[in-house]
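Letters A, B, C, D and E mark the chains in the order given here, with residues in each chain numbered from 1 onward.
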Amino acid sequence: MTRIALLAAAAAVAMTAGAVAQEGPIKIGASLPLTGNFSIAGQKHRQGYQLCIDLINEKGGINARQVELIVSDNRSDPATAINQYERFINVDDVDAVYGTFSSRLTFPVASILAKNNMVHPVPAGGALRIYTQGHKNIFYFQPNAAEYAGASLKEVIETLVPADNRPTTAAVVAADDFFANAIEAGLLGTTVTDPADGSVVADLSPGYLEQVGIEVVFNEKWPEEGFNDWLNLANSIKQSGAELIVGLTASAEEAVQLTRALKTVRATPKLVYLSQGTQAEFAEGTGSSADGILVHSSWHIDAPFQSVLVGEPFGNPEFAVAFKEAYGEVPDEDSAIPFAVCQAIEQAMTATGTTDNAKLGEWLSARTNDDPVRTILGRFAWDERGLPVDKPHLMTQWNDGELQFVFPTDEFKTSEMSYPKGGF
Amino acid sequence: MAHTLQILILGLALGGVFALMGAGLSLVFGVMRIVNLAHPVMIIGGAYVAYWGFRLWGVDPLVTLPIAAVILAAVGVILYKVVFEKEAKAATYSEMTVLLTFAVAMIIEGALGTAFSNTQRVTSPDYATDAIFIGDIFIPTGQLYAGIVSLVIISGLALFLKYSRFGYAIRATTQNRDAASLLGVNVNLVSMVSFAIGVGLAGAAGALVSFVFSFFPAKHWEWIAILMSLVVLGGMGSILGTVVAAFLLSVIAAFVGAYVGATWSTMTFFLALFLILIVRPQGLFGDKPELA
Amino acid sequence: MASMDQSAVLEARRLYNARLALKADKTRAVWFPIAVLAVLLALPLLQLTSSNYNYVLHLVLYTASYVVMASGWNILGGFAGYISLGHNVFFAIGGYFAGMIYARYGVSTIILAPLAGLVAAVVGYVIGRITLKVRGPSFIISSLALVMIFRILFDNWDFVGGAAGVSLPAIDLPVKWAKVPYYYAFVVMAAVTVYATYRIKHSKFGLGLRAISKDEIKAESAGIDTRFYKTLAFAMSAFFVGMAGAVWGEYLTYIRPNIFLIILVSVNMVLMCILGGKGTIAGPVIGAILIVAFNEACVIFFGGSEINILATGLVMALALMFFPLGIIGSLARSGRLPRILNWD
Amino acid sequence: MLTVTNLCKHFGGIRAVDGCSFTAEAGKITALIGPNGAGKTTAFNCISRTMAPTSGEVWLDGGRIDHLRPHEITAKGLSRTFQISRNLADMTVLENIVCQAPIRGWRGLMKPAMPPEEVAKAEGILEFLGISRLAHEDGANLSYGQKKLMDFAALLMSDPKIILLDEPAGGVNPSLLEEIIGHIRKLNEAGLTVLIVEHNMDLIMRLSHRVVVMAQGQVIADGPPEMVREDPAVLDAYLGGALEAA
Amino acid sequence: MTELLTVTGITAGYGDGPAILDGAHLTVEPGKVHCIIGPNGAGKSTLLKAICGMLKIRKGEVRFKGERLNGLRPDQIYRKGIVFVPQERALFPKMSVRENLRMGGFIMDDAHELDRRVEEVMERFPILKERAHQKAGTMSGGQQQTLAMARTMIIKPDIVMLDEPSLGLAPKIVKEMFEIMAMMAKDGITILLVEQNALMGLKHADWGVVLDLGRTLFEGPAAEVLGDPRIQELYLGGKRAA
């Protein structure tokens, strides 16, 4: 028990120390899943945040103050994530926070940050329910909510697939994961309810697949942990004879497993769409089987988005170069999204000249499509729920070991989509 | 009908891999009464050996298998010397070792995670994603090779235990440690070697796992209860039982996965484990528990 | 019975024993835990100052929640000797039961906690009736299987949101005071749990559990209804763990299977008891404080990483190898237990 | 008092106890003897229900007890010791003994563990056995013989009507044996019924009122000690000739 | 006189527990039967366990044919030719009688010789030959004890130490055990016997040792021990036994 007293004393000292150092660097906290189930994405998020902060500091900081990023590992555990944000706010006395990865961590964190009146920029946490709880100052940094992600697939089929050769049947398989379930809900047209009180969050019927005349002939879910039976699943998909395979995996690894299994059973669909798989690991794990697979993405290396960093223009290609320089790898969206989060907070701080979260929130909420936040993910402006307005997903396709950008076709130069997929 | 046969084949294919994964666990329990909860994380250790061999030099995991086995066996020796040799005399030995191996599992997981990060890995030799098609029915070659290798290793182990003098010593130590010691068997050495063999088997299994499943350090939690169910159903300590249980449960799980739902297929293992412990704690091939 | 009427001798014995008992009482410093409790109860007053002590409150609250769970676990694991690695199942049951009622009807989980504990206890009783047939390693393994089974069940139960879980409304209080209700709930629960374990240990029931942990066949033939005792112990420990779960859900504003049903939660309970001293009253408390402090130190020094898991494993292994009786147990055995920690 | 009829206990194919019937009369000392593997201890275990009998009946005081659980049997007044002394380590002798005090109902459950009246009674018993100086010793630290005495003490704590002793003389040195014989006799004189399994013929002949001989799971002789020792079947199966060694 | 085995002032105990043996002495002469008696808790079994290496010797030393045995493991001591049959008999319950006998010769490198000796022993004990394929765990107590004693003869040891071979056995079987022991002695095997039934033990012994409180109180010819009134009073159950 004396231990507690000691801790209390230590914490008290830490807090007063924080209060004194007002004119030090701007401190920003981010709790990320550096270990555990989401570790890969978590690590990449850290790289994205850190790169952005480093570039800002190189350019002289925000409002002439250097920026310090405090990252801690929440082991993919919600309780720890909350604990760490509390720590950022109360002990480290941070000026702002960056969001964490995944809906399941974002959910509880959102409540805590709202309670503390912090601006909550969300890099990954697409479930509608997060934004329908009435939190102020929460901003999502990906194209739309997960439930609407399937709309892009629908448009791809409508615009890029020859009308006489469209798939008519689909197998939809999904991880039992927040994000995957949400996309599935959109595709299948389910009503999204809040299990807390049974209320309807959104009615998505009839669903995007039905809208393009595709019948779902096989639908299966696998557990988020401990699933080994990929061949069995792939075999069932093949047996269903579906022409479109929709694989809503929770991670790149599952995408690899599913693709390998589909290859092993020699499935021959016309089109394959996965929710994960833009990462280099996917290419490494699947090799040439990846060819022709569609993956939606929030970001693409070739997308010529123009953005701003500390008042200077900073294009998406420059980001790729800077990333390659810093980490020796080609970035993917798991680093690009957090980079955009960092950009937005920087722009808010620069514009308002303060780190007061209430003002930052006001400024971000006031963005419109004509006067948006400009990030390497493109323009962002949000509706009152905190979801981006007018922001479709990008569709990418693996071809010859390269991730190509195939949709939307109206904004930038895109590659030709290969179709049909055929075998793996 | 063809579909049913296909599911059966897929179940059996997984069973072969599980058999080797469980065999070492069973051996260690049989000889030392250690429920080695760190066994699954050691399998992952073996898988990393195969992974780096494949990634750095393109060596086939089946070739790295003996190396993985030897490296892990060495880990086993160290672990035995540092942790379990002392514990052998403790009164609450069996419970103590369960908790200790649990702690060891966390240590190894932490070490592997620090060294290799928690990225999921998989090796991709060509056969891993190939299959032999007989009409509509296919046999995945990756699992097929893994199963064959696994059965060869287990048969070798069984022959060794049955006919070699050392195997004789192992069996004697299993049945009555003090007695074996009093008849000239160096039981400490026997324990150490069989622990090393058990952990070495984990290494070998790891090499197979590297191309059959994907893996990362924290994945072992998912395997603990699955492997335990094999060992318990087979009768703790009976290697033959473990093999039979591995095939049996994998087939059931495959059918559950296909007909009930993929989310329920792993439930087969856990439910089986739970029920067996309650209904027939000695397992399929175990002896009746000692009398009061 | 023969020769039982030697009243003079017996009277002398009685006096002698009374003296011994008095001596035992004197070595116990009852004032200390009470003083600690008083300090903890007064701690939220810090919030009246201009600074924000939320994190301190959070740490105390977090520790207290683990005191509740570890002390609860201690009833089965420490007293009766049945090591369960699956007690987070009851954490989940308590959390879900109270959480769902809170979500649907707005009844505070703090009020619901005893009821949630009761539900957990009933489930615990039923499970105990089944699993307590086996002991030793088999029991430990069965408890692991239990977690897995419940994990899959909760993951697939749509009513409670499946794997995605349910988010709960946050309490409507200003930031400074939002933690205080939960703080008091956990501190009071911790105090009640510790006192309850004390009472249990010193009752016939506790004596019976100790006998069971040493030799079950002997205990049974000594006239102890071992099956009932163990199951009751299982239910009681489930009760406290369930209570902690109930309030924990609302505190986090989120209930989800992998908040409750991850192995680390039950490992923490076990580790705290073993480190502090299995079967002692103060052990789980000391263990909880040390482990929470240790985790906090890990975050500070390593920024939290895989090394955390490694370090936790290392602490557990070292504790098991060198202090199998735990800190309190080892100190007590060597007669060096400070009076203020002798709560037994 | 205690009647066993047609008791059977099979382990797989082995019939350890195979239709054994005998009676232990109230207030008498009955001995159960027989060669190794005759099923004596198994019969004992079935009576105290440490094992479930395969078939057969056990009656105590006119009530059937073979379906009861061990603690219920203890509550009915039948207490037993074990062949190899079982005691509770890390608990004092006093705790070991008080542990055996009967508990009634829920309220009894939450009563203090060591109420003064029970402690006094336990001390009285220790006094009677002459080992009161061991009261606060850890049960595990006792010597073999002291453990046997502690078993006795615990037995008496539950106010039994009948006690079952499993090889009380096994591994006990001659002087302690004398002491134990003395205690058994004294208790019997105070009205306690005793059923005893023992190999020490000296003890049996001196103490028992009646001897039941078992072989291969069945009773082969039953009668007063003098008669049994002359029985040729017993001599052949068990004693191996005349009784000179003891 | 040439001693085969000498124990000088050894102290030993279990784990970190108190010393059970506290300066015990023992001299073992070749070819004789030695019987150790003493009350419960005197340290008789502990002494045998200390000699065979199952317990750590804290002080003092054990010498066998002049060689120091301290610190050797049980298996090493077995190879020297000292066999210990503990109270629990040290059998392998799931192995057959023949396999159990073969285990007795585990240290032998010559498999044919081992087979020959197993046959030889089985010839001498017809009951074992009869049950050669039965699992040891399913035999009666007496048969198990016979097997345990017979097994000691496989390696033709110098010393066999028996810990209460009569424990829990029917009088008829006890007699048989002593007969087997006599047979072993006739073969020239030195016997070290711990016996609770002191009278019977001493009757079959050449040499008696009285152990109490972990110390050797008396050593001498068995007849002398039997005849000593003080020893009778203290350790043989008083006048009755005399």
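The rule is simple: contacts are C-beta pairs under 8 Å (C-beta built on N, C-alpha and C of every residue); 3 or more make two chains touch, one makes a residue touch a chain.
These numbers were taken from a predicted model, which means no experiment stands behind them.
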Worksheet item: Setting subunit B aside with everything else in place, what contact-connected groups do the chains form?
Response: one piece
Discussion item. Starting at subunit A, how many touching-chain steps does it take at least to reach subunit E?
Written reply: 2
Discussion item. Tell me which has more C-beta contacts between its two chains, C-D or B-E.
Written reply: C-D
Worksheet item: Quick one: subunit B and subunit E, Cα centre-to-centre, how many Å?
Response: 42
Response to the item:
In whole angstrom, the CA-centroid distance of subunit B from subunit C equals 34
Worksheet, complete the sentence: CA centroids of subunit A and subunit C: separation to the nearest Å works out as 38
Worksheet item: Between subunit D and subunit E, what is the gap in Å from one C-alpha centre to the other?
Response: 30
Worksheet item: Listing for subunit B: what residues touch at least two other chains?
Response: 113, 118, 221, 263, 266, 292
Worksheet item: Among the residues of subunit A, which ones contact at least 2 other chains?
Response: 35, 176, 223, 225-226
Worksheet, complete the sentence: Touching two or more other chains in subunit E are residues none
Worksheet item: Where on subunit C does subunit D make contact in their complex?
Response: 1-4, 6, 9-10, 13-14, 17-18, 20, 199, 201-208, 210-211, 214-215, 217-227
Response to the item:
Residue set of subunit E touching subunit B in the complex reads 15, 52, 54, 73-76, 78-79, 83-84, 86, 88, 90-95, 103-104, 106-107, 151
Worksheet item: Can you list the residues on subunit D that touch subunit E in the complex?
Response: 14, 33-37, 83, 141, 143-146, 167, 170-178, 199, 201, 237-241, 243, 245-246
Worksheet item: What residues on subunit E touch subunit D, complex-wise?
Response: 17-18, 37-41, 138-142, 164, 167-176, 196, 198-200, 234-238, 240-241
Worksheet entry | Touch list for subunit B against partner subunit E, complex | 89, 165, 168-169, 171-172, 175-176, 178-188, 287
